[in-house]
Each structure stands twice: as structure tokens, then as C-alpha cells.
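Each of the two complexes below includes chain A, the first together with chain B, the second together with chain C.
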Partner chain A sequence: MDVSASVALATPRPRRGVALLPLGLALLAAAMLAGVLLGPARVTASGLFAALLDALGLAELPVEHARDAAVLGVVRAPRVLLGALIGSGLGAAGAAMQGLFRNPLADPGLIGVSAGAALAAVAAIVFGGSLFGATAGLVGLWMLPLAAFAGGLGATLLMARLGTVGGVTSVATLLLAGVAVNALAGALTGLLIFMADDRQVRDITFWTLGSLAGARWAQVPVVLLLVGIPSLMLCALARPFNALLLGEAEAFHLGTRVESVKRFAIVLAAIAVAAGVAFTGLIGFVGLVVPHLVRLGFGSDHRLVLPGAALLGGALLVLADLLARSLAAPAELPVGVVTALLGAPFFLWLLRRRAAGGAG
Partner chain B sequence: MITRRMVLPAVAVAPLALARRARGATPTRIVSVGGAVTEAVFALGAGSHVVAVDLTSRFPAPVRDLPQIGYMRALAPEGLISLHPDLLLLSADSGPPQTIEVLRAAGAPLRIIPEEPSGPGAARKILAVAEALHLDGRPVADAVLADWVALDAPIAALPPVRALFTLSAARGAPLVAGRKTQADAMLRACGAANVAQGFEGYRPLSAEAAAQLAPEAVVMMSHALEETGGIDALLAIPALAVTPVARTRRVLAADGSYVLGFGPRAAHARRDLALLLHPGAALPPLPARSWT
Partner chain C sequence: MIAAEGLTIRAGRRRLLCGVTLQLLPGEVLAVVGPNGAGKSTLLRALSGELRPDAGAVMFEGQDLASWSPAALARRRAVVSQHVALAFPMVAAEVVALGRLPWHGTPAAAQDEAAVAEALSAAGVLRLAGQPHGTLSGGERQRVQVARALAQLHGAPGPAALLLDEPTASLDVKHGAALLALLRRLARQGLAVLVVLHDLNEAAFVADRVAVLADSRLVMFGTPQEVLRPALLGDVYGIPFRATGGVLAPAFAG
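Up next, the complex of A and B:
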């Protein structure tokens, strides 16, 4: 299905936008480098060198640097990779939802994916122990992510189904269906919290605040497949999204397959967000505000907004995670708290500056 | 000259009652997670080797000055590694499992200590900690178990009291311990019948349910009782005002980590709580232990 090339809008690329993608890439690379090199467990230059030589298979790891190599290779590297991928997924999905709903307040939460994932994750926390008994700890490594992914995707598909009448997905109906699915999932989650014991309630609370502390290499290929690829595919929908900015009817007359674009975008965003959230718990703010940051700085051409939001989202989550594990060391802050603390004031500052610039 | 230099620090570092070495060297940079686990490390005389503890470790007093690693169910892998521990003692209640898996993969020297809410469970906990420390835990574990068992028969002879254990009474609905809680196990061990048997874990109790359960006594965390505003304020809460407790006024304040820890102080906590529940009961005195 050729949705990406079906429209070639004759909008010239804004000049300052050309710098966005290299800038975003550089920012993401710098954030990832900082994420691997910095943190509460200090790694010396010689430790880094020894770990690099070992990773490249050039020299055997000296015993005194085993800890440095473990910190870099086992603890930080998968964490930074996962953060970059999941942040990109949240950013791209947020930009896609704002484009689809033509609403600046849209975020992936609107299509029920976060609420559905939360409901299933909470169910896994509350019932996991009694279903699997002593093996719950082991099963929990994959059971909770699997449940959260299925729950997020299931809620979105239910919502898309409710929002589609006679093969036509109406954005307005979709929004209302999303509100209803969110409310229903929220109520069922509340019911499960009522059934949970004290410790489970605390586990649930921490899950809803998000954390990358459980990142392991085994999760990287899964996230690459389920977050990385959908994010790239969302970026390929930039041209139809630009056409949608003019209105659905206009986009249709321009040759955009409006219905399949909408369905594609919703499913891709749901997969990317559900798979990310499955491993980290809920991470707010990135999906809502990162696309705005890009738009405030570089205009609303989706050819820039989508990849820009992906790169910036990845960079933001990696940096937020670096702060999350450094600020309260040896304890760790929930990363969702940091993304909001970091991003919201910056966003407000940008907003104020733009308002002042517009007035003057 | 040389000997003086070597002996002085050694004397300063050696804890007063470092339990007899079993085999291997006792780890010197211990991170201890879980209140009872930390108490066991101190009871075994290795307290001076602890470099950081979690939020639930509140006893003995010196632990409150140690670096904090935060809440035991939200462990930070890199934060723990940054402490350069040569032993990570984790209560089996620690989590999340993903983080423990990361620590394992990174080769962190971790040991999981089983949690069992009983006297023999407390002894096993002490033995497990001692083994990880390469110390002989039998003297401490045997003493705790002997103290615990000495109370078995006298407490069994007491008439059971219908009791309720509540964590907090904020927002008007007391959070009450049901089945499969440490509080439930401790109430039973102290000659009380936990009247809240209809659920597992902690639940807010409604006035109707409380009237049905008809407890004669309420055991409450002492700090929570203060926050509620004392006994009168607590008994004014509808859920308790309708119970016999409002008449008997038997609201018993207890230190949560003391009575629920099931660590080295388990037997002494059992005796203290049993005496609160059964005033004037003839319970044998327990010998003073260095760790209580």
C-alpha cells in the first residue's frame, strides 16, 4: 500500500528546518554518549578503554576493570539504547496523533494505549503472584511486559473499532471512543487497585511513574522490532499527514488514502507506545510536548515534525534517565517524574518566548 | 612501630562482638536491604561493615546515619553498584525482579534472604545472613529460637483476644491487616485471633464490616496513632466507634518494624505484644540480648 508517496505537496521545506535533522541526530548521539559514560558508578578512562578493547575482542579484560565493563556493557548500554528507542517511539507517536487529530492536546494516551497497558500491567501485578506462585518473579520478567503490550494494543484496537462506522473512521467519533475506553480502563484499574494489597499498590505506583532500571540486552531486539520499526514507518507517513493538515476532504482530493492512513497511523503509534511502555511503565510528557517543541522551533511540516520528535524524544528520555539515576544516587528517581520536571518548564519558556516574539 | 600501626586500626574496626568466623573473610562493604536483614547483620556483629541500607532499615540507631538506597521495591542497579559493595544482602521482598536480574547479569555479589513470618523463620533468616557474611550464625539464631519457643506454651494457655491490626487510619477508613500478612502471623503468635480473615493483605475497613468483626483490641503502629491524633480521635472514627474497642479502649501502640520484622528481635517483640494483648499474663522473662 503506497501511502507515503501518494501525495507530493508542493510546500517548500522551511530553510531553518534543514538543520533540524542533523541537529536532532547530534543531540541524540550526544545524549546517548553521555548516558553511557556518566552516572553514579564512576568509570575511569582506563576502565572505559579496557571495556572497549574487550568488546571489540582486541584484548582480554583485566580483572580490575570487570566492574567498569559490567557498568558500561550490562547496566548502561542496554538502558541507553532502550531509552533512545522508547523515547523516539513516544515522540513519533505523539507527533502522529497530533497530526491525525489535528489537535495540539492529542497524545498517545488519547487512543487508549496507555490506559489499556496500565490496566493489563496492574492486573499482572495483582494476579501474577497467585497465578504463578513461586515462579511469579521469573515469569514476571516477561509476563508483565507481555500483558502491558497486549493491553495497550487491545484497548487501541477496541477504540478504533468503535470509532469506525461503515468503513469510515471519523476522528470525532474516535476521540469520543477514546475517552470512553480510557474511562473504562481507568475504572477497571481502580477496581484492581482496590483488590491489591499494600505492597502491590506501591508496585503499581512505581510502574505508573516509569523506570528504565530493568533494561537488559534481551529486550533490545524486541524493542528494536516493535518500537524502532513502527517509528520509522510513522515518519514515512509525513506527506499524507501534511495533506491532512488541509482537512480530510482536501487530502482525499489530493489523492491521499485518508482511511488507510488514519488506521495505519493509529496501529503503528499503538504498537510503538505499547511496546515501549511494556518495559518501562508509563512515561508521560514525551509524547505530548516533544512534538510541540519541534513545531515551535521548526514549523509544522510533518517531514520535519515526525523525525524531529522521534530524535528529540529519544534524546530527552536518555538525558532524563541519566538524571533519574544520578540525582538521588544511590537511589533512583522515577524517570517519568524527570521527563516532566525537565520538559515542562522548558516548554513554558519556549511558549512565553514565542508569545513575546509574536507580539513584538 | 609497625605492629602498633597495624593493631590500632584493627582494634578500632573490629566490632564488639564479631561472631566467630566460620570460613572465608567477612565482606567489608555490605549493602543491606530489608529491616530484619539489617538487624541480623548488626546482631551478628558485622554492623560496622554496612555501607548503605534501604528505607525499611531503621534499627539499630546507627543505620539511620548510613547512605539511603531508597525503597526496597524500586532498587536502582547503578546506584547499588556505585557503592562498590562486596555483598548485596537483599530481602526476598526486594524488587522489581527486572532490576535484580540486571544486578545478577552485572555480576553484583548478591544474596537473597528468605522472608518467613515465624520464629523459626527468623532463625533461618539469621542463619542465611550469617552464611553470606561467612560468620557462624548459630549462637544468635539458636538464642532467638530458644526465646521464641519459651513463649509457646505460656501463650497457648491464654484465652485468645479478638484483635485487629491497623497500619494507618488516615482518610477515616483504617487500613487493616488480613490473612497472609506479617501482622496476621504476629497476632496469632501472641495469642490473639485476627478477626480480619475475609481477605489477604491490607484493606481499608468499612464501618459495617468492622461492626461485624467486633474486635476487642486494636494494635496500631505508634507513629500512625500519633498522626491520627491519639486514642480518642482513633475511636471516633466510625469504623471503630461501632466496635467493642470503643468500650474497652484497648488501642495498643506498637513499633511496626519491631513487631512485624521477624528478625533477631522477634521473640522479644512477641512477648511485648502478647503482654499488651493480655495484660498481667504470666509470661516468662526473656534474657536480655545484645541485639534487642
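Up next, the complex of A and C:
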């Protein structure tokens, strides 16, 4: 019996896995290129090239490309970069939460980060105006993101605290604490909406639907730091997450420091998601659906699922944003509406497929 | 290899294990038997390092178990739990390959593929290697877990221990006997094997020594001949026993 041949036959994944990173990178690059070039104001490839040369200081900007350069440099480039980064964060955080909770229905919302961010953002919209005057310069610009980030992170830390007894974080307790924290934040948000005036209610509604329209260059380094780095660190937890595929006790038997992995993953995911939604508002379904897409194509190995979900999440959000600003031009659809419109039907299909006996 | 000294485990105010002292030696199969709720699984979890003693100590190779890093411990002892359900689908060979996780970053990681292939073949699941884990029967999953544990201990830097919690519970007679024979073979190669069993005849067949737990305490610890006597078993299980042609069976009325 040829043992090694049978095993090689049994594990086709590594070969398929090798293709994942180039494929994901190519997809993300293509989505970003499309995101930069396409949209209500058409930009030509030569315009992009000229603007790039100008930005790098290699050539003077020809007059005929001045408008292209302005559209690209001021509007599109930061928007596409933010979309790619924030989508990556949502994808990686979603994959991490599904691995941690050992549950295909888990998403970052489960750890309270979205509800906490929403509560704080709504509070900032309702009370911020009277505190600082309507959009008073720098404070007005950063107050909402700061509040949302702090709210999202705070809610998650509260939940993790509630779910930890005697140094052990119980996933089941965490889930139930998440339900309670989400309900409480939702109720408080509702109370604030009740107190808000009509203009604020409109702001709140659009914030909860998500949009990349507010993207600015100044936000890019912040997001790079607070979304990009935690996402990379989550990818580095792939092996402990693989051990968790068998269960928590089994992961310990395989040498995993389960409690530190759990705490580390929750905090990293909360930072990545909170920093993302701080600038865009809530964006649903990317964190839930994208990891499943990667698993369908490449299996459950987290060494592929985590980076794959990050790359695909970035590409998906950039494309969803392209649709959001193109479909109803010159108006913009909220990007959260687009991701939900794409994600929900897919998710239903996934549920039906699992019900038909796909679980393992 | 592994030594428990006055091992006591509590859950709240309930005592799950009370003052258990025993040793698991390299090259032996130690069977743990006893009625439901006697503390067999708790003993296994404490010896694996999963539960910390509330009193007493567990030593692994002469060192307090708690002072071992999880990764170093995982390269010397593997555990086969009763039930394993995967969070997301994988094929059997991938599950077995998870056994190599503790070796990541060590020179022995170069032998990962060989270790997985050998373990699949030793546990008799080579032909299942490419099957989705979700489509396997309970017995097949059990054997895949045994293969995973063997892959984990492949190349252990010193004596290694394998702990199994009722591995034969979902196996038919043939596969159960094959698994017990595999455990005997592994012990002969120097592995320390601790196996929780329900079937006393299986214990008599496979074990060098038998530990009998009852009501959270170790009531007997010795060779099968010393321990598996109808009088003692009658006390432990609360029903009369008799040996019929070398087979131990409860003596039902009539």
C-alpha cells in the first residue's frame, strides 16, 4: 500500500491553498482599480497614470487630467483605501469570531461591538451638536468616530468581563451576555432616537446604514493602524484557531493557551471592527458571509480562511461601495444596504445547504 | 510518567475526586473502571492538565503538571475525548494533521507528513483519509481521533502518554478489539496508556493494571487478577457478580 500517495490524495487543500493568496490579492487589486476608475465621474486609465506620476513627483500634471487627478486624489483614492482596509477588518474579525465561537452564524456583532458603537455614535449625534456646536472644525470631524470607537470597544470589554468567571471565559456565557448587552444598547439607542430631532434622526438612520462617503486622507493612517494591524495579528492566530476546530478541551490538549487566545482574539476583533465602523457607520453581512465564501472554496484551515476572508472582505466592500455610489447616481445608496442585499440571499442559500446536511 | 498524589477535584461544594493516588508507568496499559459518576472522566481530565487539583498534586515526569507549558506537554501526552464534533467541515486526514500543531516551529515539523501517514495507517483509517469527517460513523470518528493522537506523539522527546476516555464505547466488537490490541502494541513500544473503560472484560483483556473508582475515591489499584474479583466488583457496582468461563458478568436473578 502506497501510504504517502493516499495521504497526498486525501489532502488536496494545500495545493488549492497556494492559489488563495495570489487570487485574493489579484481580486482585491482589481476591485480597487475598478473602485478608483469607475463611478459617476468617469476617470480614464491615462488620467490615473498621470495622477500617479504627479503624486510621486515624477512628472508634471497635464492640464487635461487636472479634473481626473482631483477626483482621484481627493475623493476616490482615500475612499477605496478605506473600503479595502475596513472590509478586510470585517472579514478577518468575522472569521475569527466564527472560529472562536465554533459557530457558523457568529459575526462581530455578537461581541457587542456594533451595538456599542451605534449607541455611542447616536449619543454623539444627539448631544454632540449642543456640546461642541454643529460640526465645529476638527472636534466635529473626529468626535463621532472617537465616540463610536470607544463605544464599540467598551461594549465588547464589558461583555468579555461578564463572560469571564474565575479567569475562564465561557463562550456560552459570552453569547448570552452578548444578547443582553446588544439588547441594552439597542434600548438606550432607541431612547436617544426618541429624544432626537428630525435632522438628527435622519443622521442616525444614515449612520446605521453605513457609508464610505465621508472618507478622507486623514482617516487612512488611523484605519491602517487600528484596522490593518489587528487584522494581521488575527491572521497570525490561525494555528490556535485550527486547534479550536476540535473543541476547547481538545485545543488545550494540543498545546493551545485557550484562554489567552480567546481574550486576544476578542480584543483584536473589537478594535478592528470598532475602528472601521467609527468612520463608516454599521456595515452588515461582510463579517458573516465572507468567511463562508472562503471556506466553500478553500476548506476550513484558518491559515487560509483568515487571510482569505481579509482579502475578500476588502474586495467585497470596495465593490459594494462602487455599486452604492453608481446605482442611484448622483445620489448614493448606503453601502450597508448594498452589502445586506448581496449578503442576505447568499446567507439564506447557505442555511438551506447546511440544513440539507453539509455540516461536519 | 504521570503520578497523582492525594488528587482532589471539587466542583463547587461537590467533590468529584477525593485523595486519589496512582501512577501511570511507561510501557503499561492502565485501565480505569467504575460505575457512572465515579469520577473516571474527571480523573482523566486532571491527569491531562485540563483540570487543576484543588488539593494534592499531579506530576508529569517528576515535575508539577502546572509547570509544563501547554505546547511542551502536548508533545508528550495526547488525549482522545469521548465525543469530538468539528466546528467546520474537514476531511479525516486534515483532522489527523491537527495532531501536528504542537510541533509547529520545531525541527520535527519536517516529519509532519510522515507522522500523519503512519498514524492513519496504525489506527486503520488510511482508507478514510479523504472522507469528510461529517460523513464518518461514530466508530470511524473515534479511530480518526486515535490517529490524531498518535500523530501528535510522533517523535516525542522522551516517554509519552496517551489518555483515552471510553474509546471503545461507539465501536463494534471487531473494531473495539482491534483498538485494544493497538493500545497493547503501543504500550509494548514504550507508550504509557491510560484508558477509561466501561466493559470490565475489556479491562481484563487489555490492562496491565486496573484502577477501580467508586464514589470519587480510588478503591482498588492492581493487576486485573487482584482487582477484577466478583466480591469486590459486587461492592463497587452494588450488584452481585460471577465469573462465567473467565468472563465477568453481573449475576442477574433467574
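Keep this in mind: the second predicted complex is superposed on the first by the 316 of 360 C-alpha atoms of A that agree within 3 Å, B and C clash if a C-alpha of one lies under 4 Å from a C-alpha of the other, contacts with A are read in each partner's own complex, and residues count from 1 in each chain.
The definition used in the following text is that a contact is a pair of C-beta atoms (placed from the backbone, for glycine too) under 8 Å apart; a residue touches a chain by one contact, two chains touch by 3 or more.
Because the structure is predicted, anything quoted here is derived from the model rather than measured.
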Partner chain(s) touched by A:70 [first = chain B, second = chain C, both, neither]: first
Which of chain B and chain C A:252 touches, first, second, both or neither: second
Partner chain in contact with A:127 - chain B first, chain C second, else both or neither: neither
First (chain B), second (chain C), both or neither touched by A:196: first
Of all residues in chain C, those that touch chain A in their complex: 45, 48-50, 69-75, 77-79, 81, 84-95, 97-99, 101-102, 104, 113-114, 116-118, 120-121, 126-127, 129-130, 132-134, 152
Complex contact set, residues of chain A against chain C: 1, 3-4, 6-7, 9-11, 13, 98-99, 102-104, 239, 242-247, 249-250, 252-257, 295, 299-301, 358-360
Of all residues in chain A, those that touch chain B in their complex: 39-42, 66-67, 70-71, 74-76, 137-138, 140-141, 196-200, 202-203, 206, 211, 213-216, 325, 328-332, 334
Chain B to chain A touching residues, read off their complex: 52, 67-71, 73-84, 93, 95-99, 101-102, 105-108, 167, 175, 181, 200-203
